[in-house]
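In the two complexes that follow, chain A is the common piece, with chain B as its partner first and chain C second.
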Partner chain A sequence: MAIFSVYVVNKAGGLIYQFDNYVPRAEAEKTFSYPLDLVLKIHDEKVVVSFGQRDGIRVGHALLSINGVDVNGKFTADGKEIIEYLKDSTNYPVSIRFGRARLSSNEKLMLASMFHSLFAIGSQLSPEVGSSGIEMLETDMFKLHCFQTLTGIKFIVLADPRQSGIDALLRKIYEIYSDFALKNPFYSLEMPIRCELFDQNLKGALEIAEKAGNFGPGS
Partner chain B sequence: MTVHNLYIFDRNGSCLHYGEWNRKKEAGISKDEEFKLMYGMLFSIRSFCSKMSPLDMKDGFLSFQTSKYKLHYYETPTGIKIIMNTDLGVPNARDILHQIYSTLYVEYIVKNPLCVLGEQLSSDLFSTRLDLYIRALPFFSPRAA
Partner chain C sequence: HLKDDQSTHDTSKLNLILFTLTYGALVTQLCKDYENDEEVNKQLDKMGYNIGVRLIEDFLARSSVGRCQDFRETADVIAKVAFKMYLGITPSVTNWSPAGDEFSLILESNPLVDFVELPDNHSTLVYSNLLCGVLRGALEMVQMAVDVKFAQDSLRGDNVTEIRMKFIKRIEENLPAGDE
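Then we have the complex of A and B:
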């Protein structure tokens, strides 16, 4: 059981805080000889597998590193185009690591504001009167829990579907936000949260929630 | 516990069937607009989930809930999407939606030579059977029907 990540979205849909607590590894490294028996293409400035699923390498996985050196978007560490590099038979044998691409901060911003609108549409399409937006979204790999405060700030936690006590955790995060972001004289409302105490306390709360899933009364 | 409504969409986003049972609030837009909004929301949720997921997903998006209702989602490999809105007390309804697909949609629509796939379903037999099936569900209470 695990808590994957925490997002805080302001009332306008802007991402003001994001923290990745635990990122499970789904990566595969393999040594290839020339010619490469996978079809790669460039998608969103990344090199992804478009055909040739095998040995834990799946279609949609991004190329993460070549010979143990992390790549930089569609370029190798020393600035060459990856696609061109892999066409050159003199570079083989080559060891390539594939895996799910990490979200860039731009993508995180985009996903946060996307959720903001989905939240609103969810309440508009309600068949019952007076429904809130999406509070919990379930997939087979994770559950997304969302808590919207009266002032419109959304706290979003991504966790394992079996993890319990997320509702208490969301309220605890709100408490930490009130205590360590809002009461910080250098913090301006609606802006990204850069407060050391907020970070520390959030990490502590996540640890407690993962172990016990319970904060006790009045904590 | 109750069932509010049910949508069936094809892979292109047109609504093949819509049925409602205990719906208490309309979305405030025409049905056509509502279908588009619903399909658009699910389309975005699907891409949202696949991007957010820390690992590769198998079934993908299953359901979401708000303070008042729960939306259950089921998609076949051919892209037929079945959406059922119920109240919060209903547990995982994936099997029920799969049953609707395999015992009602396949039997009365796919095997019916008069039904053109990809067009709004006009089969009365399908509608009545679906209505009976939903009304017979253990969590369908007749209190407002």
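Then we have the complex of A and C:
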């Protein structure tokens, strides 16, 4: 999967649509005996590995489930504090799944809003007048592409740095938005997009883009 | 006309007559509901506005028109691209005010009114007022506040149909970044 996510941000900076296209990266489930040889700590309301790496479990991975039951932040599903639970030798052997913590929807909302504000920096820093906002943000793991329409809506795609054709994909997503969100009379502007047809067509467009296909007329 | 899309129906087969009849049914129903031409005109403008704010995105997504630098460019784009795309007609742009903030669109024909005659008891009804709302709503979404009204109406006895558009101001709130 070379296209990781799609975000749509409205004029006020609110996230109105989000779609993740990647398979969760390697999660590791292992059985541990007392004492636990990983050092855990609480970070952002989650239990993460702060020291110790083995068998695919890395520093920064979050604790996702204990004995097959998903945890709830820093508590187990039945409300016990995880760190305390794991200090008790009678709870062992225990099977724990670690993996990269996925962003929660609140976190995504905040990040989108932050990006909306940052976007303007592009045009403010520009030595020439009339510059656009941020169009691309690059890291070693992904490239973020942003397209802002004349009406102020932003379409953001996170993709593999080597993925091409994202510009065409952004325009295609604009078309899909103008068709399946806007032409749905029951969809209110600026609100979260909850239209099945929009989802379906967006997924289709992502598939085509990943296969490096072209959005020719009539596609 | 909209270019053919495999994912939606073939628009070239859409019958314009159905569109004209639908619009007519809409207006007559509004007349029955409100019984007052002024009120119907207002409702048509409101509905047009709601259409315009959505139509603009379709227009921008499908045409490759960029931001217009001045009102003259806007007028050209409206007449030559937008009207052509959605109604299949190309009105002419004339009667510019000296300040360049007002112009007229002269429509030789209007697909909405091909078969329509206004009866005497509806002499103040602006039958195609939907179009004014559409233009107003669409331009508002690209940060332009405009006033749009029919200056002449062939349905009410004038020789041509004339839409008068006046630029009021640029909408500065919520300007998309990079558009100063």
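Just so it is clear, the second predicted complex is superposed on the first by the 209 of 219 C-alpha atoms of A that agree within 3 Å, B and C clash if a C-alpha of one lies under 4 Å from a C-alpha of the other, contacts with A are read in each partner's own complex, and residues count from 1 in each chain.
In the analysis below, a contact is a pair of C-beta atoms (placed from the backbone, for glycine too) under 8 Å apart; a residue touches a chain by one contact, two chains touch by 3 or more.
All values derive from a computational prediction rather than experimental measurement.
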Practice task
Based on the superposed arrangement around chain A, label chain B with chain C as either clash or fit.
Solution key: fit
Exercise for the section: Have a look at where A:208 lands relative to chain B and chain C in the superposition and call it first, second, both or neither. Expected result: neither
Practice task
Could you look at A:9 and tell me whether it touches chain B, chain C, both or neither (first, second, both, neither)?
Solution key: neither
Exercise for the section: Kindly classify A:131 by the partners it touches after superposition: chain B alone (first), chain C alone (second), both, or neither? Expected result: both
Exercise for the section: Quick one: name whichever of chain B and chain C touches more residues of chain A. Expected result: B
Practice task
Pick one for A:182: touches chain B only (first), chain C only (second), both, or neither.
Solution key: second
Handout entry: First (chain B), second (chain C), both or neither touched by A:151
Key = second
Exercise for the section: Considering only the touch criterion stated at the top, classify A:111 as touching first (chain B), second (chain C), both, or neither. Expected result: first
Handout entry: Geometry of the superposed three-chain model: angle at chain A (Cα centres of chain B and chain C, steps of 10 degrees)
Key = 90
Handout entry: First (chain B), second (chain C), both or neither touched by A:122
Key = both
Exercise for the section: Considering only C-alpha atoms, give the closest distance between chain B and chain C in the superposition, rounded to the nearest Å. Expected result: 10
Practice task
Identify the overlap between the chain B-contacting and the chain C-contacting residues of chain A.
Solution key: 122-123, 129-133
Problem - Residue numbers on chain C that touch chain A, as the complex places them - result: 3-8, 53-54, 56-58, 60-62, 66-67, 141-142, 174-180
Problem - chain B-facing residues of chain A, complex - result: 4-5, 23-24, 26, 58, 60, 100, 103, 107, 111, 114-115, 117-118, 121-142, 144, 158
Exercise for the section: Spell out the part of chain A that touches chain C in their complex, as residue ranges. Expected result: 11-12, 119-120, 122-123, 129-133, 148-153, 171, 174-175, 177-179, 182-183, 189, 201, 217-219
Fill in the blank from the handout: Per the touch rule, the chain B residues reaching chain A in their complex are 4-5, 20, 22-25, 27-28, 34, 37-38, 40-41, 44-45, 48-49, 51-69, 71, 85, 87
